[in-house]
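These notes are about the structure you will find just below.
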Amino acid sequence: MLRVGSRTQFQIARCIQQNASRYFSQAVASTTSSSSLVETSIDGNVATLTMNRLPVNSLSLEMCEAISSGIKEVEANPKVQGLVLASLSKSTFSAGLDLNELYNPDLDRLTAFWKSFQQVFLDLYGSRLAVIGAIEGNAPAAGCMLALSCDYRIMSSGSGKKVPLIGLNESQFGIVAPPFLGHLMLRTVGQREGEIALSLGKLYTPSDALRVNMVDEVVDIEKVLGRSYECAHQWAKIPPHARYASKMLARKQYLQELHATRDEDVEAFKGFVMNEQVQKNLGAYLQSLKVKKK
Amino acid sequence: MLRVGSRTQFQIARCIQQNASRYFSQAVASTTSSSSLVETSIDGNVATLTMNRLPVNSLSLEMCEAISSGIKEVEANPKVQGLVLASLSKSTFSAGLDLNELYNPDLDRLTAFWKSFQQVFLDLYGSRLAVIGAIEGNAPAAGCMLALSCDYRIMSSGSGKKVPLIGLNESQFGIVAPPFLGHLMLRTVGQREGEIALSLGKLYTPSDALRVNMVDEVVDIEKVLGRSYECAHQWAKIPPHARYASKMLARKQYLQELHATRDEDVEAFKGFVMNEQVQKNLGAYLQSLKVKKK
Amino acid sequence: MLRVGSRTQFQIARCIQQNASRYFSQAVASTTSSSSLVETSIDGNVATLTMNRLPVNSLSLEMCEAISSGIKEVEANPKVQGLVLASLSKSTFSAGLDLNELYNPDLDRLTAFWKSFQQVFLDLYGSRLAVIGAIEGNAPAAGCMLALSCDYRIMSSGSGKKVPLIGLNESQFGIVAPPFLGHLMLRTVGQREGEIALSLGKLYTPSDALRVNMVDEVVDIEKVLGRSYECAHQWAKIPPHARYASKMLARKQYLQELHATRDEDVEAFKGFVMNEQVQKNLGAYLQSLKVKKK
C-alpha cells in the first residue's frame, strides 16, 4: 500500500532537516505535532509545517485534514507571520491525491474527502501567513496545487541525476484538474502557457518551471530549506495586516469563487470518480502498484 | 479582384505540401475536399484543413463557411483528435477579411458574413480537436485570429529575405478588432503587450511573436508542416476527454461571452461598416488594388 | 514642509527640458500653464503635462485637480493626439500621496481628496490621448499609479549612482494600495509577479521594472524626454478613433469597475485613514520629516 514508508529514508530526512535548523544557529523553540501525518513547529515568527505521510505525502482525507489543522494551529499563534511548507521526504513534496480514496469509495467519505481537499486549498491560498513552499522533490497534480497555493516557491534543482518535476499532469491520465486548480495554474503561468500545461498534462523540470514562473527560485537541494527560512523571515518583516490585505487584493476573488461553487465542484468530482471506466482504470492501476511493491 | 491566384504558386505550394506528407513516410489515407475553398484530409487520428482561397485566403462569407464546415467534417470522425490548420499559399496564412464583403454590401449578406466569421472563431477556439496552426506566411488581422484560435502555433522564420508577419494591425487602418478578438490577443500575450499591440496595430516578426508568446515555435519554412504534424500527433496521444476538458477550463468562459453578445457584436460591426467615411475609404482602397493588378 | 522646493533645482530642470524641446528642432508653439502646479504645452498634435509641485510632486487635493484639469485642457484641443506626462524634477516623477492630506484631516476635504485621486486615475487611464510616461526619477506608490496609467512608459536608467525606483511600496509602511491600483499592478506585471510586488511592497530598479514589463523602455536620463516625444509622435500617427477604441477594449472594464465602486472605495479609504494607530504613525512620520528639514 502507498502508506508504507521507508524508516531509513525517514531518519535521513529528519537528520537533514535538523541540520537545516542548525544552519540558522537557532534552536527550534517548540514542536507540536498536530498529528502523525504532519509536523508543525514554531520558531519566533516563522512556523514550519512538514508533511510526513511517507513515502510520497499522498493526500488522503486524514492527510488533508491534518494539513488544514496544522495551518490553523500555527495561525492561532499571533506571533507567527511566516510559514514554510515542507516535506520530510526529499524526493517527493507530494505526489497528489491518494488514489485509494477514489477506488470503490464510500460515497459519504468521498464527499468528505473532496471537501477536505478544497479546504486545504482555501486554507493555504488564503492563509494570513506568508507561505513559502520548500519544494525539494516531485510535486505533480495535487502536489502542484500545494505548491501553487504558497506565496513563494523555492524548488530544488535535484540531486545527482534525479531532477524533480512539477506540474498538473492530470490529463495524461485521462482526468482533469478541478476548475479552482486549473484556473490557479492559468493565473500563475499565464493563459498561453497554462493552456498548454493543462492540455498536455505537462510536468516541468525546475529550470522550465522557473522560466514560466511556476516557481520563483531554483537552488541546490541542500539549500532549499535554508533559503525558504530566509524568505519566510523576509516576508514576516512586512507589516502583517498590509501584507495580508495585499494578498487578498490578488486572491479574494478566487477564494470566493470556490466558496460559491463548492457543492457543485463536489458533485462534479463524484460524478467523475464514479464513472465505470474510471473505476476500472483505477482498480487496474492500484493493482499494478501492489504487484510492484512485492 | 482578390480571388485571382497564381496557378504556378499553387502548384509549387502543393508540391511542397506533398513532400511534407512523404516526410512522414505516410500516404494520406483519404482526401475529402469539403469545398474548393478548403481541403480536408485525414490520416489516422490527425486531420489537415488546408485553406486554398488563393492568393491570400481572404475570408469571404463562403470561405468562413467552408472553414467551419471543414472543421465539423473532420470532427465528425471519432478517430480524429488532432488538426493541422494550414494554407496552400506559402506566403500568406490568411490576409484576413475579404474587404469586398464590406464595400457597398447587401445588409443581409453583411449580417450573415459577420456571423460566419464569429462562427469560425467559435469552431476553432472551441474545437474538440487539438488544433496546430502551421503558419508559413503572413497572418495579419483576421488571419491572426485564425492563428490565435489554435491550441499551438508554429510559425515560419521566413524564406530568403521574406519574413512573414503576424498581428492585429486593424488600428493602422482606422478600424478596430471586435472585442472577442481583441480580448483573445490580450489573453495570449498579456495585458501589457496586448494593449500596445492593439493600439499600435503592431505586426510582429516571427522572433518577436515568439518572444511575446504570440506563437509557440519558429522553424524554417520547410519544417513548419513537418513540425506541425509532429505536434498534432503528440497532442493526439493525450486522452481526448481530458485534453478537451482542460481546454474548456481555459476557454469556456470566453466562448460563452461571445455566445452571449453575438447579436450585439453583429450590430456593432454593421454600424461600423456602414459608416460613410469607412465606405469611402474602402472604395478607394479596393480601387487602388484593382489598379495594381493591371 | 513638503511643498518647499529648491529654486536652483527648478531652474536646472527647466533648462534641461528646454534643451529637450530644441532636440526636436521645434519651438513649443503655445504654453498655457493650467495652474502653478502643472504646466501644459502643445506642439502640433503632441502635448506635454509637466508636474511641478516641487520638490517631489506629492499628490495633494489641489495637485490631483491640477493634473485632471491639465489633461482635460489638452484633450479639449482636437488636434492633440499624444501626451507626454513628465516631471520638472529630474529625481522624482512623483513621490505619491501628500501625507499632509491624511494627517488629522477635515473629513469633507479627505473625501474630496480621495475622489480627486480616483479622478486622476480615470482621466489618465481612460484618456483619449496616447499618454507616454517620461519617468526620469522615482515613482513609488501613487507615483507608480501615474506611471502605470500611461499607455507606454520610458524610464531613466539613472544618473551617476542615483538609480530611480518604481513600484507600489505601500505594504512596507503598513498600508495597502486601493483595489483599482493593486489590480492595475496585477494586470501590468501578471498575477505572479504582482502578488509578490504588492505583498512585499517591492520597489524595482529600472532594469528589474523592464524585466517584469512594469516599464517599456529604459534609457539614459538625458534621453527620456526625447524618446518620449518620439513615441508620442509615433502613437499620434495611428488613426485616433481606432487607437482609442483599442485602448477601451483593454481598459473599459476596469474603468467601469472603479466607477461602480467609487463611493465604497472612498469609505474604505476614510476608514483606514481615520484609524487611531494610522493617525499616530502619520503624525510621528510627518514630525520626523520636519526635523530633517531644519
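By written order: A, B and C. Residues from 1 in each chain.
The definition used in the following text is that a residue touches a chain if its C-beta (ideal position, glycine included) is under 8 Å from a C-beta of that chain, and two chains touch if they have at least 3 such contacts.
This is a predicted model, so every value here is computed, not measured.
Of all residue numbers seen at the chain A-chain B contact, under half occur in both copies; the interface is built from largely non-matching residues. The copies chain A and chain C differ by a rotation of 120 degrees on their C-alpha atoms, rounded to the nearest 5. The centroid of the Cα atoms in chain A and the matching centroid in chain B are 40 Å apart. In chain C, the positions touching at least two other chains are 190. Every residue of chain C that touches chain B in the complex is listed here, in rising order: 130, 151-152, 187-190, 213, 216, 234-235, 238-239, 241-243, 245-247, 249-251.
Residue ranges of chain C in contact with chain A, taken from their complex: 170-177, 179, 182-183, 186, 190-196, 198-201.
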